[in-house]
Amino acid sequence: MALERKSLVIDEREAASWIRDGMTIAIGGFINSSHPMAIVRQIIRRGVRGLTVIGPASGGLDLDLLIGAGCVRKLVTAYMGGEHYCPVAPMFRAAVEHGELEVWECDEGMYYCALRAAAQRLPFTPWKAGIGTSFPEVNPDIKVFTDPITGEPLLAIPAIKPDIAIIYAAHADPYGNVQHIGTGFGDRALWRAADRTIVQVERIIPNEEVRRNPLATSLYGVDAVVRAPYGSHPFAAPGYYIEDAEHLREYVAAAMTYAKHGDRGPFDAYLRRYVLEPETHADYLEVIGIKRLISLHEY
Amino acid sequence: MAKAYAKDFTTKELIAAFIARQVRDGERVAVGAGLHVPRAGILLAHLLYCPNVRLYMVMTFTNVLKEPKMEPFYTVTDFRPAKWAEAYVLHDDFQENPRLVSNMFVVGALQIDPYGNSNLIGVGKDYRRLTFRGPGAIGTTSMAHYVDRYYLYVQSHDRRIFVEKCDFISTVGWGEGGADGRRRLGLPDNGPTYCITPLCLMDFEPQTKRMRLKSVHPGVTVDDVVRNTGFELIVPDIVPETEPPTVEELRVLRERIDVEGMLRT
Amino acid sequence: MAKAYAKDFTTKELIAAFIARQVRDGERVAVGAGLHVPRAGILLAHLLYCPNVRLYMVMTFTNVLKEPKMEPFYTVTDFRPAKWAEAYVLHDDFQENPRLVSNMFVVGALQIDPYGNSNLIGVGKDYRRLTFRGPGAIGTTSMAHYVDRYYLYVQSHDRRIFVEKCDFISTVGWGEGGADGRRRLGLPDNGPTYCITPLCLMDFEPQTKRMRLKSVHPGVTVDDVVRNTGFELIVPDIVPETEPPTVEELRVLRERIDVEGMLRT
Amino acid sequence: MALERKSLVIDEREAASWIRDGMTIAIGGFINSSHPMAIVRQIIRRGVRGLTVIGPASGGLDLDLLIGAGCVRKLVTAYMGGEHYCPVAPMFRAAVEHGELEVWECDEGMYYCALRAAAQRLPFTPWKAGIGTSFPEVNPDIKVFTDPITGEPLLAIPAIKPDIAIIYAAHADPYGNVQHIGTGFGDRALWRAADRTIVQVERIIPNEEVRRNPLATSLYGVDAVVRAPYGSHPFAAPGYYIEDAEHLREYVAAAMTYAKHGDRGPFDAYLRRYVLEPETHADYLEVIGIKRLISLHEY
């Protein structure tokens, strides 16, 4: 009897069911690209609450949507915006200004220090940049301490450990070998730090295709793989599609109505139409429509 | 040979030409996606003066000397300019040695104090209830620490930005001032070099490290600057006009870099 | 169904079968190049019991379930087995999270003390003038710290190796002993699980964490072990013989893994 | 007048001339593979003395040769041997036992901590593995300190900064974009930590070939490139040739005669024949002979 490797493929509903109230989860990508949106929307549908979310080093409107949907208690990130779509993420801004969202304030360098400490099972890693700034004051987890060797002041950046990392990539084989197109931003750091990792991909590829180019394997073994074509929409997917500028503007307009005027109507309508009413990722894609989707193909 | 200066240019083009003169050949230079004017300035330096610059752009390294013209891009995650890549830079690897990514850096701000300390966190007296929540520091705290020199750059010049004291500091400048302002904090002496605004260029007086007016852009008076700055600026007796772009700089800028005319508005 | 045990096997094959039983399916397992017997044991587990093991081998990750037989390799830098790679592992990245490389690890030693502390640095009272300079710790200090469980493995069993006190400790075992021997040092409770030698298997008595004889290999007496151990070993009243390989294990070992017969000598 | 990029290609003599007495240099590769031997032999020919050498995490007989030739005062490495060719590097062993060589004792984890601290311009990075061992005792640069956050004991591993890293890779373009075949072991860590880096390659490739596969670019910009075909001989070169087992056995036999019996004759004869008498790398290859070299091609 020949032994067989076990497939790690699950659907986005099962993936989202791993996420429970109060967990610390990490979500990959970078600002306007490469977010595991099929799973993010399913987390919102499930009504998960009280999450500590570790965004990418620079976070985007995917996290803003999660915040607006009420899932997030605390956010770890060095930036929250949409670049030229909006300088500061609207629901994030409103939640902070209303005192409803705790922010673990850091810059990108400190962010990777915290993830590395978690990955290396160390209580902290040191960082010099940030001495003389407000970070140790606005983030009391960051301590100024004296270097035991030279006596100079340093920051101790404590470990932040995700229970689960949820990452978007182009491809994976059924056994959890993941291949990004492009750099993968800081996704590796999330994977290394997390106890478990779920990867959402455009395509599941045969193991033979992974072996054809092992240099491209970015995460060598994750815990589950979710197939979701166009799964980063409305954000970009390197090698597949650019971001949906029109959709992002629609989102920003809805969210800004709340941030500027306190009127949640347009945001809630967005949430209903694009997140709560479509039961699955495929239903969401039907709402967007294939015409729009193929217009985004990278060229 | 005297430089042939251009006569008809915008303030953005003027600033791009200034930034171009800050780049040194052979350096690594990070090119932001969002800040069009600094990006144009760095590309201008590369195409005209610095053939060996290594550009860090949309998370790749490249050299675009042979590109007849650059197509525009608006986000740091736009993967299309990666077609020019000589190398990919994993963002997590980046922090292993930020100096390998850039020798110079441009830092934006919501607030800047007289010693060039700056704030991207937010505005308000109570961090737990900010009146305006900013975007966050991005990588400015760390990049400004590692590069040889950094530049403060703002897209408007008013008393809300130039304040006596920042509500929060996300990137340290010259600390509380004085020639040893940074050394007293245990930091290397690489504080901000210039502060670039739509009205003027400012540097830091060496003994006090307070901001000092260096030049005003065409059509701007010293009084315009002083009136729009919320702290006492050091104003020398003679304040020249900012050096204009050359005819050649303007041509390359318009024909090869800013093809869509973002700097002409 | 009772296991069909093999009758004719070498001590190396016996040890490989023991190691095979330590591997758990789905784990990541580092496969050394130099230690042929542990390597054979891990591959045996993979091919017979653990189809989902992720093998870390010559700096790559792979799964060789479909390989009819493994060609031999002798160095960790032999690039030829990388033909099986599913991923490359950069050695500097490895240290970012060693648990992503292996859940178990085999540690060799020049000296081992009763609590499983071990030494690869060298022999001699004065570190500045060693009488025998060892190869160094390699990655054993760190790997043993991060994995769930580690195994001490030596290729001879004598009183120069098993000593009352190591001249130097490169990998900590159960410290100075006691059930809380490692916790007193501020370390997690993942000290060595077994010590594997050509004469016997030993484990660590739970209360004292002193080494305890667990089984002797065929043809070896308890007295052989005691006589060749330089410290007082805990010897239970009944010491069984080490469980032999099964017929199937021996077949797979000889036909698919140890094709060149290194374990048959 | 069209601007042109400047070529960074130099020869092995110029490369070795960068190395001066007393410097701290790092040499890449791993045990029996990927050492920049054309430059290493030229350093010996020049009679450089008093070097602090940072080997790879696990060092091989390339470093043993440098030690035997009298170039090294201090060595940073976690292992010195030749795997099945010899369990402990012979000239290393003899030099240590005679008290002639200082060793910065560490394990591979600590080694990368020291290099990362140098790359990040930090005085140290912390490490937990090694508490309870002899490392802080035999290497007084490593300090036990108390974590400022949890109060637990940690090791502070200080930065070790190479003045120059010398690395072997398969390919580079004339502008210093380097592409390894395979993983490149820990070469990136040396490059990141060093002030300057020289890379010795099998082939110089056009910039267009680099751009064809930017994912393969392992070091994005070094200071000089040296072309030396068969330049890792007698060690392996991934994708090009396996190690020269016969030559390594010849070296080990010569070096062991000294380590075991105190007779330097065979080692000195090796040094003369293979290092001192050939004036250039090409001359060395003539001594080895093309027949031997092509017999090592990987298959």
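When the chains are written out, they are named A, B, C and D in that same order, and each has its own residue count from 1.
Assume a contact is a pair of C-beta atoms (placed from the backbone, for glycine too) under 8 Å apart; a residue touches a chain by one contact, two chains touch by 3 or more.
On a predicted model such as this, the values are computed, not experimentally measured, just so you know.
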item: Winner on C-beta contact pairs when B-D is weighed against C-D; value: C-D
item: Chain centre separation (chain A, chain C; CA means) in Å; value: 40
item: Whole-Å gap separating chain C and chain D, where each centre is the average of the chain's CA atoms; value: 29
item: For chain B paired with chain C, centre-to-centre distance based on mean C-alpha positions, whole Å; value: 57
item: Per-residue multi-chain contacts in chain A, two or more chains; value: 120-121, 127-128, 152, 188, 215
item: Residues of chain C touching at least two other chains; value: 60, 82, 88-89, 95, 146
item: Overall pattern in which the protein chains touch one another (line/ring/star/complete/other); value: other
item: Pairwise chain contacts, counting only pairs that touch as defined; value: A-B, A-C, A-D, B-D, C-D
item: Complex contacts: residues of chain D adjacent to chain B; value: 3-6, 116, 119-121, 173, 175, 177, 188, 192-193, 207, 210-211, 214-215, 217, 220-221
item: Touching residues on chain A, where the partner in the complex is chain D; value: 120-128, 143, 145, 147-150, 152, 154, 156, 158, 215-216
item: Residues of chain C touching chain A in the complex; value: 26, 28, 47-48, 51-52, 54, 60-61, 63, 65, 82, 84-89, 93, 95-97, 99-100, 146
item: Partner chain B, residues of chain A touching it in the complex; value: 29-34, 57-58, 77-81, 83-84, 87-89, 92-93, 96-97, 99, 105-110, 112-113, 115, 127-135, 137-138, 152-153, 181-186, 188-189, 235-236, 238-239, 242-243, 298
item: Interface residues, chain C side, partner chain D - complex; value: 33-34, 59-60, 74-80, 82, 88-92, 95, 98, 117, 119, 121-122, 127-146, 168-172, 175, 182, 185-187
